[in-house]
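What follows is chain A paired twice: with chain B in the first complex and chain C in the second.
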Partner chain A sequence: MKKLIAAFVGSMALAAAPVALSAEATKELKMAYDADPVTLDIHEQLSGGILQLSHMTFDPLLRWTQDLGFEPRLAESWERIDENTMRFKLREGVKFHSGNELTTADVKFTFDRLKESQDFKAIFKPFSGINVIDDYTFELVTSEPYPLLLNTATYIFPLDSEFYSGQTEDGKDKSAILKHGNSFASENLSGTGPYTVAERKQGVRVEFERFDDYWDSESPGNVGKIVLTPIKENATRVSALLSGGVDFIAPVPPNDLERIKRDNSTNLVTMSGTRIILFHMNQERVEAFKNPKVRQAIAYAINQEGIAAKIMKGFATPAAQMSPAGYQGHNESLTPRFDVARAKELMKEAGYEDGFTITMMAPNNRYVNDDKIAQAVAAMLARINIKVDLKTLPKAQYWPEYDNRAADMMMIGWHADTEDSANFYEFLTFCPDADSGAGQYNAGNYCNPEIDALVEKANVETDLDKRAAMLKDVEQRLYDDAAFIPLHWQDLAWAAKQNVKIEPVLNVMNFPYLGDLVVE
Partner chain B sequence: MTTATVSRWDRFRESFFWYSFKRDKVAIASFAVLLLMVLAAVFAPLLAPTDPYDLAQINIMNSELPPVGLDGADSAFPLGTDAQGRDLLSTILYGTRVSLMIGFGAVVLQAFLGILFGLLAGYLGGKVDAILMRIADVQLSFSTLMVAIIVGAVFKASFGNLMFGEIAIYMLIFIIGVAEWPQIARTVRASVLAEKKKEYVDAAKVMGFGTRRIMFRHILPNTLSPIFVIATVQIANAIISEAALSFLGLGMPETQPSLGSLIKSGFDYIQSGSWWITLIPGLVLVVLVLVINLLGDWLRDVMNPRLYKG
Partner chain C sequence: MLAFLVQRISQALLVMFVISVIAFAIQDGLGDPLQEMVGMSVSEEEREAIREELGLNDPMVVQYLRFAGNALQGDLGNSYFYSKPTLEVIAEHLPATLELVIGASLIIVFLSVPIGVYAAIRPQAWLSKFFMGVSTVGISIPVFLTAIVLIQLFSIGVRVEWFPADTGWGQWLNGFFTTEGGLPSYGRGDELTHLFGTWESGFFTGTGLMHLVLPCVSLASIMLPLFIRLIRAEMMEVLQSDYIRYARAKGLGAGRINFLHALKNTMLPVITVGGVQIGIMVAYTILTETVFQWPGVGLMFLEAITRSDIPLIVAYLMVVGLIFVITNTVVDLVYGLVNPTVKLTGKKA
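For the complex of A and B:
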């Protein structure tokens, strides 16, 4: 018996040894966001939530650092071959969650799938193709010199081509991208990232586990398990952190910033953001919105400074354009034009003195205080006799409605994917075109081919001063035309327990690199 | 005609009802407070400094002002403002109106259905009784809130939000009224069962009166006192149900706040300084429900023959 026990203990010790080696990642992190990812298919939707998921379960070719430089990830190095071509060298020995090894075939598969994706194709429009040289070398080719090539490459998260190819048991194509549908990819995932999805109940919780064979052995991250719980109510989310129910929350509502700062056991990180929050006015649904005077009247009726000061508690910058300060297109001469008397005058000139009724939709767990902002805007429009039928919904229901353009005014927040002004116009004001993906999130159906042409011209302009002048002109024209109603650039805030070192993994894109998170 | 009213008034003044009311300080105080709140609610459009339902009068720059007496208060807003800049005093006056309307409306509907079905079940007995009471049992096995949530969601989806805002108050009366009628029906049925064996009913039958006349003219008046007691409690319940539904976002829309939706709208701010948005309407709701319940208690004591005759 004793022998048996000794043998048993011995075998246990042996079995435990390899575990002990990789046992660095043993910490558990409980975090609460305002919402959980709506799908596991990272090409189904272009949104902050999905990109956050991408950085947890996949790895990009390269990624932004905190000071907006580039950091190699799956691409070890890159060099420019000619003005249209960039050659990348892929890291060797990287494994997917499924056990397959990463090669250029996976990158090509991913690139082709991005070109197919409704949401991503516009970003990859400047790219004409991908040249595979060998298993670990490939080239990205653009049709014209493209200054934002590397910026765009941060959105290439190689997918496991073997895992996503073939057919499911009921005969569906595994690589299919289905918006708001039940595709294979929306429920299954295999990436190279630091975490695998262990369990997922939509809207309730997502459990991530550290991937044992993660390639980045130099990553300081020591979190073995992450439990993500969506908590929509602002006050509840903050209380969960302060009471110790969760270790990390985002976003932090502006009216609770002081409370968290006062609390000694928590750590607050804030950054001024570049995400613009705006309303589109759908010209196809409302005849009056075709009249620039009506659109201008609305622009004059909205008090951006009031919203930023009162609802956002100063935790946002009032906006009159899309490009935040520091972007090439940022036009300093454009300022918010709140003036109710002028707005009424314009409504009168347009022949809508008695106003009209419109529908409005906004999410209630996507942007900071989104539902309160929408209510305030509805109240402001009431002053120029526009009656608003407002509906706010959770984002899982909001995006399908958004894709259907289900209301006359819809809210959206946009962060430039390439950290460049042109990205705003391409997605939010370009004439909608399903083939090229242009205007994919233009819920206003605003269409001005002249402006679009100017942006296209700026995109291939390599002289930065000239390019900036063109983009500034675009902002000016959109402003004069009141193509949309900008509200503010939303600031960013995260909060965590003192022992959770979030600061090094956060950035202005709001993509926390949780793989590198250290918990003490 | 005048003598008749005087004599009725005299009769009232000599009644046990008036006698016990005069001697019960709690009842007097509760009644005074309720009367005050009802009057304030009825005359809300005259008393309120602003119209909280008119979005054009709201200015975001006035949001989250504290009640008078605190730092940063504005004397134009005696009880402060909510997160959208609505005057809380006006909103509470209008909100109390909505709450009371729903409370009374729902109970009138409940009483109508409950008395009708209770009388029929109790007096006719047999199959009618079995069927009606089983319906009531089934109905009671669903919670009011659940029924209200389902019906509310269906209404909202089919009418759109703007339309829903206009009919929300009637819909809430309907939902709460329909969901709670079995409470009254059961009480009425129990009283009817006791009454119908009494001699005056037999006498009426011998005199050849019809069933309907016996039910409504002879039995019903004798079952009224428990209905009064239940009705007061049910008014309080209906007000609470409405507040709960509005708190869950399924009751009155944000643009026409009732007490419940007002409490909800301040919930995000309660721990970050602006406590008044939730606390003041909350207090009003508590006081309103409390005085109605106290009056109901008193009424039960007065109307229970065992307590004063025994």
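For the complex of A and C:
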């Protein structure tokens, strides 16, 4: 009997040996985010959490680098064929978790599914179709020249078409995208990415394992297993890192930045983010806001630097425009114009020296310190005799109010899904139009058709230098017109133990490329 | 007995009906569930289509009747977030909460009875005064703070250098106040023992027990002072009563008087209060579970609120209502066992 066991163990060891040799990924990483992915179907929801999951279990055609350039992933190379067409060459020999091989059929399947997805279809609207040339060549076609074609291609994470086709045992379509109710794709996953999902208990933990046949043999990543625990409470997440319960956390709350910096065993990484926090001034509700002088007066009355320093504890970059640095529309010459005397003067010129009373709403659990920021803004407006009646609400109740435009000034934070300036204008400053969906979040009802036309023109300009000049002009005009009150770009922060080298895999989009993570 | 149970069951149904009506009536104030289900850039048209599919556009009465019809067949709807039947979601989370409550209850029982009795028998002893003092402090510190302090002390650890390290006594005092940390500060750990159904227990493994320590202590910290004081006060009163004096006069031993005759009568009100408190404790776990990321129903409920997951909120409130009715029924039954003079309604005298 003993011999038998010994023989069995021996054969097991032999069987295990080749795997151990080919995969050097042996480290285990425990990490805590503020939430776990809501679903395994990466087309069900467009959110930060889902994109983080996408980069762990799938690979995009190409991805952003730290300096906002592109690097090839599943697409080896690409070239522009004509104004509306980009031809991609797919990497050969890439395997899905199921063992199937990646071909253009999978890309087409994914592209068609994205066009169906409620959350992604808007982003893929400029695309008219996909031409499959052969197994490893395909073309993406847009209906008009589209400068953001590559930006959008970062959202194409090819799905295993064979795995997601057909019917489940109880006769449901495997490729269905369901917002509610269980779909096959929301619980099963087969991608080309560095990790497979080994175990998932929603809201409690997700366990990832390194995919043995991962195509990217040059990836320095040496993590074999990742355990992701969602820890919503900020203090608990920080404690978990400091007590050694986890190796990597995100996000780090501003109040604890100092504490983590002081701790010798941990490493803090911060970056200036791309999410702009701003206030709209509703011209439909308040007559005075129609007067550009009043809007400018408010812009002069707000001390962005002060808010960033005092309330955000330096954890924000003061803003005077929507486009963050690195975006095409970012206009360096625009800086916060805090000057109370000038603000008072403008109010006087506009005939509102004695001020007026307005209502203001802000969420209190959506953005970092959102309610405190709103209080500060209200206090600053009091100095130019604008009395503010402020109400802050939890996000679940805030957004319905936002949709109703329930207050004269409302706060919103916006991140451009396309990582491009035009997205800001389309949603936040375009003349609101219910039919086309333009200006969907423009709670100021600001409307300047000239600016909108300029943005539309930039959207079909494929010469990127010319396009950048146009978008910079847009920022300048919005600034001069004080179309809205920008406050800051919220910073991003991650923290990890010293031996977890997170810095090279982080980026401003906040989807860490954990496949390439090195743990010493 | 049967009549008593029938009465209680009808009470439970009434309670659950009232809760469901109230929960339904306030759902408009809970926000728009769609905000958590779709990305920001999804158009209003798409949103409207999903609302229609979910039946959110129907009048409240229609929605309630649909819900009530399904509820009568044991179906409390699907959670928006988990995409599963709400009762299944609650069943998955309930064991974690029950273990937390059981752990905290054990701590309370094993500490409050001896301390309370001791403080009643020896009210003047310095140890009694010490316990009473500590319990006053304990009762006035919110559980959130207790939990964070416990994490700092026993999870992260504290280095104390208040005293001169070059003297022997200073070193000793520094060492005395410095804590090592190391206790887990979140979750239930990886090694859970599967008992039955959805029940995975942390009581049978070392790491499971370690994970239970801090959450149970913080949860117990709110109720423990209350019980110590309650037992002490009741016991002191009983010790003054005639039958105890008579027992003393008869020459019975102090142990027999205190622990058999006095303690039994002391426990009557304690059981009543205890039953109600266990229900309240299930509610208190919301805070404890949040701080320790304990995957129980409290945390689930809090997250359901932030996500406006209305079906889950309604189902949770109904289940908690049921738990309250059940614990009260059990308390009444136990009460009858401890004190035979108490008659349950419907039982012939």
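Basically, the second predicted complex is superposed on the first by the 303 of 520 C-alpha atoms of A that agree within 3 Å, B and C clash if a C-alpha of one lies under 4 Å from a C-alpha of the other, contacts with A are read in each partner's own complex, and residues count from 1 in each chain.
Note that contacts are C-beta pairs under 8 Å (C-beta built on N, C-alpha and C of every residue); 3 or more make two chains touch, one makes a residue touch a chain.
Here the structure is a predicted model, which is why all the values come from computation and not from measurement.
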Which superposed partner A:Lys391 touches (first chain B, second chain C, both, neither): first
Contacts of A:Phe427 with chain B and chain C, given as first, second, both or neither: second
Partner chain in contact with A:Val204 - chain B first, chain C second, else both or neither: second
First (chain B), second (chain C), both or neither touched by A:Asn303: first
First, second, both or neither for A:Pro220, with chain B first and chain C second: neither
Chain B versus chain C as contact partner of A:Gly314, first or second or both or neither: neither
Which of chain B and chain C A:Ser239 touches, first, second, both or neither: both
First (chain B), second (chain C), both or neither touched by A:Ile231: second
Which partner, chain B or chain C, touches more chain A residues: C
Common ground on chain A, meaning residues reached by chain C in one complex and by chain B in the other: 233, 235, 239
Complex contact set, residues of chain A against chain C: 32, 38-39, 45-47, 118-119, 122-123, 178-182, 186, 201-205, 227, 229-233, 235-236, 239-240, 242-245, 365, 394-400, 403, 414, 417, 427, 434, 437, 440-441
Sites on chain A touched by chain B in the complex: 233-235, 238-239, 253, 255-256, 258-259, 303, 306-307, 309-311, 357, 359, 372, 375-376, 378-380, 382-383, 385, 387-391
Chain A-facing residues of chain B, complex: 54-56, 58-61, 63-64, 83-85, 160-162, 165, 254-255, 267-274
Residue numbers on chain C that touch chain A, as the complex places them: 29-32, 35-46, 50, 53-54, 78, 80-84, 148, 151-152, 155-157, 181-187, 190, 290-293, 295, 299-300, 303, 305-308
